[in-house]
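Take a look at the structures listed below.
You will see chain A twice below: alongside chain B first, and alongside chain C after that.
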Partner chain A sequence: MRAGGFWTDARVERLLGGVACIVLALIAGMIAFVFQKAWPSFAHNGLAWFGGGGDVDLQLEDIFNSPADPAHYVYTLHAWPLLWGTFVVTVGAVLVGMVFALLSAIFIVEFAPQRINRVLEPVVRLLAAVPSVVYGLIGILVIVPFVGEHLISLDRKESVANVVQLDGAGLGVGVLILTVMIVPIMIAIVVDALRAVPHGWREGAAALGANRWRVMWTISVRTARPAIVAAAVLATARALGEAIMLSMVAGSASFAPNPIDGITFLFEPTRPLASALVENVEGLSVVPFGQTLFAFAAVLLVSSMLLSLAGFAAKQPMRKYGVRP
Partner chain B sequence: MEAATVPAPPTSPRDSVSSWPLRDRVGYYACWAAGLTLIAVAGAIVLYMAFRGAQYFDLGMFVESPNAALDQSQSGGFRDPLIGTALLLVLSTAIAAPLGVTIAVWLTEYGRPSGLARTVESAVEVVAGTPSIVLAMFGLVFFQQQWISFLTFSSEGSNVVLGRSFIAAAAMMSLIALPLVVGATREALNAIPGHVREASYALGKTKAATIRRVLLPAARPGIGTGTALGMGRVAGDTAIVVVLLGAVMQINNGAGGSVFGLFRGLGSTLTSYVYYNSPAGEGLAPEKAYFAAFVLLLLVIVLNFVVTRIARGREQPWTR
Partner chain C sequence: MNRNRPLAIAAALAVAASLALAATASAATITMSGSTSIAPLATLLAKAFVKQPQYKGKVKFVILQGGSDIGITDVSRGRVSLGMSSRDPKPADPGGIVFNKIARDAVCVVTNASNPIATLSQTQIQDIFSGRIRSWSQVPGASASGPIDLVVRTAASGTQDAFQNIFMGQTLRVAASATTKASNGLQAQTIKSDPNAIGYASFSFTKGLHDVPYQGVPCTLRNAKSGQYAGTRNFFLVSRGAAKGVAKEFINFVRSNPTALRIVASDWVPLH
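Moving on to the complex of A and B:
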């Protein structure tokens, strides 16, 4: 490239900046297209869309079987069981995963001997890279039958037989596998943050007589709090959108698991929004049904967008310690 | 996670775990338990899949096309899904790598006006957090527009634009890989010390020439890492394939037998093959699903290995 040729600095800057702005156009387009498609479903139901009432599976069936005349399209949907399923699965996995990821991150940064660390770091990367369909396959062919045969007693199955069928696939298995899937993301963020804590701060605490655990817990973990929040938020965004694995192991019934049921709660089937979406894509060509599915996508899009931005904001205070988000 | 650059933790020889208060010891052992559990889980997954993969090993699966047959000895292998996965990897990398590098270069080397740069930065973050199923739905409406119907599949003699094709799927898949490419490239560019740029300017190079001749070659390992990570995610995604390629298993050529026809055709990938052959997809061929999943896992592990190798080779003149 000759200096002073066609590609002057000003031109290059404008070109690169223009390309970078494609991402902005993309997000604007995403919101516009998805909401434009989703609008009829929201407009017909109003806030009741988010409420409960009736069986979601039956409502979806009615929408699918609407008459061909646009004036008589059926849109009635009360998506609460799906929203509740998404919420319970996500929050469960993030809470369990957070504790686990924090302990593992402390282990990697502080306590693990070199030899174990040399194994652990590839292990974390591997767990993050295993495709969700492989997790789902192991879940549906190994864990679900095991839970169904050995962990759920016949009494328990009979106690709820008139409401819902317990066959092993359910909330607990979904949360368990989802936890394994999101823990690596959290570990990566928390480890980076713990490593970035200024060395002098930790030495100061050690000089005052604190043991290694205390130094870690009171100095490093506290300093890394923004990163821990960011890790939780970003993992929530990931968990929210997990569709394939959950549709394979979480029971695929639009049932809202009830915490009052005690242990049975963990075995009750559920179906998060993303799974409902992926399981019903064959019906996309039916206009009102497709619009309902786009409404699911719109809800997921807005929530994941808010979570991503919150995670981005939460990571900012760490910048002063030299950790680039 | 980068390799530990932090000096050894502050310890004194007399600080042995057994002398700690009970609370601290509980925390210490909980950390060990968490770390060992991680290793055990990963080990269990890999060993179990390897065991199943060896059990159902069948070279013929690589060369046979999948067939819809109830009798599993007639239902073929996963030749078409393999081609589909390869095709998507190539197409989506071809989109994501240049775009991601451009964005990263602009963010680190120019980044003006700073408000716009911050917005683009958070936008990349938003793309990273968007569930792939949502990306798939967006891709479907986007490619249903009439003016780009030549990019997508349409059945013979029909004007209906379905919005489905390998191109549509690859375009959406590239969005999964994009944030990883941007992140890794930015990290690599940030790691290049300022005096390297200044040396180039002092020799009379323009900024544009410095980027092309000095910075991008130096950032190549970072770009490679990001791309390989992105390819791993692309190979493992199922939701986009299910929505944008449909439930067909065999490669369904769009228009004629040309390469472009293949691009706008429909097909399947290893992930959708596993999904539809598992009990969830009512394929009821767990042995085929296991073997395909094993091959998929191997592919992902190899890509991961590539990442580690590239990251290790990050030796620059100024880091010595």
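Moving on to the complex of A and C:
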């Protein structure tokens, strides 16, 4: 009997190598394509693209209504509210999620009785697979009306009525639901990392008289720090790309929520980049508008590439200890 | 299950390919894409068209949606035979395409059902949507109190374009504080759940909301057909160059055949 038959190692190697090269070429081609399409928008605005000033929705409308002559295309865009919205929503959700994920992971690994774990772990993994539009529906049908009717007082609405509308959908609801969406992935990663900490280390600490919580906190969590960072990075990547759910519950106004406003800050609407992209995709046929949308895509693409690099860097110290997350 | 997936996809592709082959072999195919507002009408018209004795078994339809601008892009690139557009032509549209008007559609100003305003004039609508009036207490006949929440559509929406042209005119703009929604459904849901909201929608999307009479004329199909209700917009089938072949015959059918006109009149406004 021949080992492998037609599929000799050399043939398989060449075939798989070819497939891998196609993947690389696809990614490179995609990046080149997006940047080539996006270039006019960046070129016309320069660094002001990333700055503030004016209302983004009106600027987008002007771009959409550009005259037919390519020499007179409108490109003016100051995308700061979108960038700020993306930043606040993402960082908010990842920070809140981190606390919940870390504590739940410690519970699952160290404290939960076996029979609870048998239910808890599959449920966590199931939650990670729920499509975001389901969360969006729950948000828009239940949470947004509740917040609008019971949590936002008429005085609060009137105090900002000349600048922005508070109708229930806003930053707070967006962060809340996004947190629920990304926590399961974080829990799964942190649990795996905590379990990968060598038993000897934990037993050593226990032998010195530390209780389970102290062992967990001083040995396991400390060792798993790189994995915790990696979990945060992965969750950030998911949060960054979340479009549909946020466009449903985060208020759909290109407004930059202002932390100085106190509690009102949480109710102010915002629109992250990915949502702005998906909400305006109808207008792709208008050339300058399409190029502006590609500019959004380019910014998202660069951000997620930087995140992947950060995640890769964060995992390195773990390898050094011989612990693989 | 994972193992079977490639197989299932391959099978589906094979079925689709053979269907497509069968279709091209025996019948001409009209493909359409574009406005979600027109799609229901186009589907009904296509069903009636293929039942006509001279086209029975000879013409097939594939109708996709995606929004007016998707339809216009698709047809200008030759990906579909006809694009559906619920907005008027724009200067920046691709060259070489022809907008064929097939029907009209009423655009209603809508509020939450708990806020049944008796009438709004064009000036009042302009004041409200441009942000000059920001409180319901300044609107006579409103039962809501507190600030007005504007719920509108994104720039690329055909309905937004129609609202701008019909109610706002060329110079006024919707206030920057307005919430802009990406679809008819999201917009309707937001207005339903917010007693202070006001927005606009195509006649067929206003169920569960209060249609505000415009200049004293209720936003009904009858008033739109008689021409009393002024807030109407055009529906177009867009072709690449002048329409040719079965696509042209379909447009003629929609415009002049009695059956087609009856279908249009059921929920929309015929041209004549």
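Simple rule for what comes next: the second predicted complex is superposed on the first by the 308 of 325 C-alpha atoms of A that agree within 3 Å, B and C clash if a C-alpha of one lies under 4 Å from a C-alpha of the other, contacts with A are read in each partner's own complex, and residues count from 1 in each chain.
One rule holds for everything that comes next: a residue touches a chain if its C-beta (ideal position, glycine included) is under 8 Å from a C-beta of that chain, and two chains touch if they have at least 3 such contacts.
Keep in mind that this is a model prediction, so the values were computed, not measured.
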item: Clash or fit, chain B versus chain C on superposed chain A; value: clash
item: First, second, both or neither for A:Val183, with chain B first and chain C second; value: first
item: Which superposed partner A:Val278 touches (first chain B, second chain C, both, neither); value: both
item: First, second, both or neither for A:Pro288, with chain B first and chain C second; value: second
item: Touched partner set for A:Ile140, first chain B, second chain C, both or neither; value: both
item: Which of chain B and chain C A:Glu61 touches, first, second, both or neither; value: second
item: Partner chain in contact with A:Gly174 - chain B first, chain C second, else both or neither; value: neither
item: Touching partner for A:Met248 - first (chain B), second (chain C), both, neither; value: both
item: First (chain B), second (chain C), both or neither touched by A:Trp213; value: first
item: Chain A: partner with more touched residues, chain B or chain C; value: B
item: Partner chain(s) touched by A:Val164 [first = chain B, second = chain C, both, neither]; value: second
item: Footprint overlap on chain A, comparing chain B with chain C; value: 140-141, 247-248, 252, 278, 281-282, 284
item: Complex contact set, residues of chain A against chain B; value: 1, 3-4, 7-9, 12-13, 16-17, 19-24, 26-27, 29-30, 33-34, 36-37, 100, 103-104, 106-112, 116-117, 119-127, 129-134, 136-138, 140-142, 180, 183, 187-188, 191-192, 195, 199, 202-203, 206-207, 211-215, 217, 234, 237-238, 240-244, 247-248, 252, 274, 277-278, 281-282, 284, 293-294, 297, 300-301, 304-305, 307-309, 311-312, 324
item: Of all residues in chain A, those that touch chain C in their complex; value: 55, 57-58, 60-61, 64-68, 73, 140-141, 144-145, 148, 154, 157-158, 161-165, 167-169, 247-248, 251-255, 269, 278-289
item: Complex contacts: residues of chain B adjacent to chain A; value: 1-2, 4-7, 9-12, 15, 20, 24-25, 27-28, 30-35, 37-39, 41-43, 45-46, 48-49, 99, 102-103, 105-107, 110, 112, 116, 119-135, 137-138, 140-142, 175, 178, 186-187, 190, 204-209, 211-213, 232-233, 235-239, 242-243, 247, 271, 274-275, 278-280, 286, 289-290, 293, 296-297, 300-301, 303-304, 307-308
item: Interfacial residue positions of chain C with respect to chain A in the complex; value: 66-70, 72-73, 76, 90-95, 131, 134-135, 145-147, 149-151, 154-157, 173, 176-182, 186, 189-190, 193-194, 196-197
